[in-house]
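Shared chain: chain A. Partners: chain B in the first complex, chain C in the second.
For the complex of A and B:
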C-alpha cells in the first residue's frame, strides 16, 4: 500500500517535471529551434552509414541493406529516447555534485535518485531522431515483408521498453564516477562513442565484441535484440536475457548509487 | 621595436605550448575516444570488402580505404580547433576588453596560441606515425614514396592553418548571437562530414562531390589524407596546395572585415 502510494506520488511529480520542462523550453523558442537543427546534423551523421550501405549494395554478413536499415532505424529511435529522458540529467550529475546542488536535492521529500536522474526532459533533440528513425523502421519493415500483426508490433514495442530501462541503468553507471572524479567531459565523450557501436548491426563485429556487447556491457541488447526478435533470430537464452538484463542492471546500478552516496561528503559548504 | 612586437606573439605561442603540455591527458583521451569510431568503420570496411572480394570500392583498394579511415580520424583530431568557444566566451562575457586596451592583435594572439598547442600535438603525432610506418610496413602496401610523405606533411600544415581560419571566422558569429554553442557543435560535425572526416567524400556520388570541391572543407581532411592514401595523383597535389592557400586568404579577408563590423557592435559587458 505504501509502495503504491509512493509510486503514484512519483508519477504525479514526473508529470509536473514534464510540464515544467516543456514550459521552460518553449520560453526560449529560438534555442529550441537551434537545438533541433543541431540534432539534425547528428541524425545526418548516422544516416551516412545508411547511404554507404545502399551505395555499396552488397549483403554484409548475410544482412541485406534493408535489414541494416531496420537496425539503424531502431538505433535512432533508441537514441531519441535516450536524449529525451536521460541525457540532460546524466550530463548534469557532476555539476550537481560540484555546485552542491545535490545537497539541496537531498532535502526534498522524494527519492533522490528519481530527482537527480529524471528531473530534466529534453523535447528538442528527440524530434529528428524519432521522425527519421520511425520512417526508417517502417520503410525497412515493409521492404522486408515482415509480419505486422498486433502480436509482432506489441513484442517490438515491449522490447523497446526493456531497452529504455536497460539504457537508464547502463548509462547512469559510468556517470556515477562523477562522485570521484571532477572532469567528466572525456568520460561522457567515451560513453557516447561507445553507444555508436549500435550504428551498425552487431553482426558485423567480431565474436568477442558481440559477447562483450551482449553480456558484459549489454549495449547490443538495447537496439539489436528488438530487431533480431522480429527477424526470428533470438534463441532461448537470448530471449530470457533480453528480459532479465534490464532488471539485473537496474539492481546493480541501484546498489552502486547507494554505495556512492554513502561515501559522499558534500562538495561545497 | 619590431623584435618587441614579435616577442609578444612568441609569448602567445609559448602559452599554447604550455597549454598543450598541461592538458596532455585530454589530448590522449581524445585520441582514445577516436578509437571506437575507428573500430566501427574498420569492421564495416572489412565486411564490405569481404562481401565484394578483390574489387575496388569507390576507387579505393582495401588497403587504401583502411589507410584513409585511420588517417581521416587522426587528421580530423589534429586540425580541430576548440578556441571558438573561448572567443565566443570573450565576446559574450567581456573578456575581450583587456585585449582591446592592450597593444596586441586579438587575432594573432589567438592564432599563435592555437599554433603553439598544435605544434606539440603534431610532434606527438609524428612520433606515433613513425612508429606506425615502421610497424605496419605501410610504405610497401600503399607504395608510399618519401616525396608523398613530405607532401602530406606540407598539406597537413596548410590544412591546419586553413581550418584555424575557418573556425576563427565562425567564432566571430558571437558578435551577433549570444548563444552560439549549439551552432558550433552542429557546424563542427557538419564540416567534419563535408571534409571527409567520417567517410571518403566519394560515397556521396559524383554530383554532390563536385559541389563539395567548390567549398574549402575537402581541403582540410580529404585532400591531405588522399595524398597519403595515394588516391590523388602527384600532378594534382600542387593544384590542391594552391587551392588551400587561396581559401586561407579568402577566409582571412572575410574574417578581418567581419571583425571590423563586429567590434562596432561589441558592447563590452562585464568588468
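For the complex of A and C:
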C-alpha cells in the first residue's frame, strides 16, 4: 500500500517535470528550433550510411540492406528515447554536484535518484530521431515482409521498453563516477562513443565483441535484440537475457548509487 | 525535551594541497599529498522547541557543515545527532517532511518558470492538500508582500524578491524546524531588513524552531536570543549574545580627541591602542581601571574631548577569534 502510494506520488511529480520542462523549453523558441535543426543534421549524417549500403547493395554477414535499415531505424528510435528522458539529466549530474544543487534535492521527501536522474526531459532534440527512425523501421518492416500483427508489434514495443530501462541503468553507471572525479566531460565522450557501437547491427562484429556487448557491457541488447526478436533469431538464453538484464542492471546501478551517495562530500557553501 | 540534540559531532574532509604553477600541477597528476581538514570538531549543543539559535563564525568555521550534518546532507565522521527523534543522515522520509533548509546561495526554484510552478511542484513533493497549500501560500505571500511576483519568471526577479520566494517554497509544508544558511547574503539593507522582519514575525506566530547562520551581526542580534559562536570547527561560545563580551574580559574603550597629535608610544603607556591618528585615538582598558586611566590622560595629554564606550559585539567576536588563533598557534585551544 505504502509502495503504491509512493509510486503514484512519483508519477504525479514526473507529470509535473514533463509539464515544467515543456514550458521552460518553449520559453526559448529560437533555441527550440535550432536544436531540432542541429539534430536533423546529425540524423542526416547517419542516413548517409543507409544510402551507401543501398547503393552497394551487398549483404553483410547475411544481412540484406533492408535488415540493416531495420537495425539503424531502431537505433535511431532508441537514441531519441535516450535524449528525451536521460541525456540532460546524466550530463547535469556532475554540475549538480559542483554547484551544490544536489544538497537541496537531497532534503526533499522523494527518491533522490528519481529527482536527479529523471528531472529533465528534452523535447526538441529527439523529434528528428523519432520521425526518421520510425519511418525507417516501418519501411524496412514492409520490405522484409515481416508479420505485423498486434502480437509482433506488441513484442517489439515491449522490447523497446526493456531497452529504455536497460539504457537508463547502463548509461547512468559511468556518470556516477562524478561523485569521485567531479568533472565528467571525458566520461561523457567515451560513453557516447560506446553508444555508437549500436549504429550498425551487432552481426558485423566478431563473436567475442558480440559476447562482451551482450553479457558484460550489454549495449547490444538495447537496440539489436528487439530487431533480432522480429527476425526470429533470438535463442532461448537470449530470450531470457533480454528481460532479465534490465532488472539486473537496475539493481546494480541502485547499489552503486547508494554507495556513492554515502561517500558524498557536498560542495562548498 | 530538546528538539535538537547534538553530541560530540565531528566531520573531517580530505583534500589535496597544490602550490601555484604548472610544474606543481604536473606533479599533482602523479602524486597528491592528502590532508585532513577538521570542518567540525566535537560539537555538542541542544536546542529547545521554538528557539531561534544563531550560528556565528568566520568563513570556513564549520557553520554550514553543521547545518548540512543536521539536515542529513552529510554523514559525520563521528558523534551523534537527534533531530525530532530522527538521525538526520538516515534521511528518513518522515524527517524530510518536517524540516526545511534554505541556502542563500543555492536555489530550489526552476529558473525559467514562474515561481508558481515551483511551488506547485513542492505541493506534490510534500503531499499537501489543495486547501492547506492555498492557505499557507496566501498567508506567506501576504506576509512577504509578493502576491504579484508569483506569476513572474524566476530569472526576472531581483535577488531580494527571489529570496522571498525561496522562503515560501521552504515553508509551504509548515516545517517544525528550519535551517537558514545565510538567508540575507548579497541582499541590500532594505531587503535584509524585510527578510529579517519576516523571519521574526513568522517564528513568533508559528513557534518554528530556527537555526540560522549569518555573517551579518544585525541578523543575529535581531533574531536570536541565543548564539553559538563557532570557530575552526569548535564551539567557543554558547549563550546570550550580550554576555559574550565577558568571555574576553570586562573591558571598555576610551575614545580620545587631542588638541595636538600624540604619538602611539606615549598612548600605549595607558592601555592597548586599538587605533590612533589625526588627533584622535581609541584605547582599550580593564573596566576597573577606567577611572584611573582617565584621570591620568586628562592630566597629562592635551585632551579636548573624550568618550567611554562598551566593546561592540563585533569587537568581542574578533577578540574571541584572535584569542583562539593565538591559542592554536601555541598548541592549545580555548573552550
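The rule is simple: the second predicted complex is superposed on the first by the 269 of 269 C-alpha atoms of A that agree within 3 Å, B and C clash if a C-alpha of one lies under 4 Å from a C-alpha of the other, contacts with A are read in each partner's own complex, and residues count from 1 in each chain.
The rule we apply is simple: a residue touches a chain if its C-beta (ideal position, glycine included) is under 8 Å from a C-beta of that chain, and two chains touch if they have at least 3 such contacts.
Not measured: the values here are computed from a predicted model.
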- Query: Is the arrangement of chain B and chain C around the shared chain A a clash or a fit after superposition?
  - Reply: fit
- Answer with first, second, both or neither: which of chain B and chain C does A:27 touch in the superposed model? second
- Query: Who does A:12 touch here: chain B (first), chain C (second), both, or neither?
  - Reply: second
- Query: Using C-alpha centres in the superposed arrangement, which angle lies between chain B and chain C as seen from chain A, in steps of 10 degrees?
  - Reply: 90
- Query: Given the touch rule stated above, what does A:200 touch, chain B (first), chain C (second), both, or neither?
  - Reply: first
- Query: Does chain B (first) or chain C (second) touch A:106, or do both, or does neither?
  - Reply: second
- Which holds for A:239: it touches chain B only (first), chain C only (second), both, or neither? neither
- Partner with the higher number of touched chain A residues, chain C or chain B: B
- Kindly classify A:262 by the partners it touches after superposition: chain B alone (first), chain C alone (second), both, or neither? second
- Query: Can you give the closest approach of chain B to chain C, taken over C-alpha atoms and in whole Å, for the superposition?
  - Reply: 8
- Query: Between chain B and chain C, which residues of chain A are contacted by each of them?
  - Reply: none
- Message: Please output the residues of chain C touching chain A within their complex, sorted ascending.
- Response: 13, 64, 68, 71-75, 91, 93, 96-97, 99-101, 103, 105-108, 110-113, 117, 120-121, 124-127, 153, 181-182
- Task: Using the touch rule from the top, collect the residues of chain A that touch chain B in their complex.
- Result: 31, 34-35, 37-38, 40-42, 44-45, 48-49, 51-52, 55-56, 58-61, 186, 189-190, 193-194, 196-197, 199-200, 204-206, 209
- Which residues of chain A touch chain C in the complex? 9, 12-13, 16, 19-20, 23-24, 27-28, 99-101, 103-104, 106-110, 262, 264-266, 269
- Query: Okay, in this complex, where on chain B does chain A touch?
  - Reply: 26, 29-30, 32-34, 36-37, 39-40, 43-44, 47-48, 51-52, 57, 179, 182-183, 185-186, 189-190, 193, 198-199, 203-205
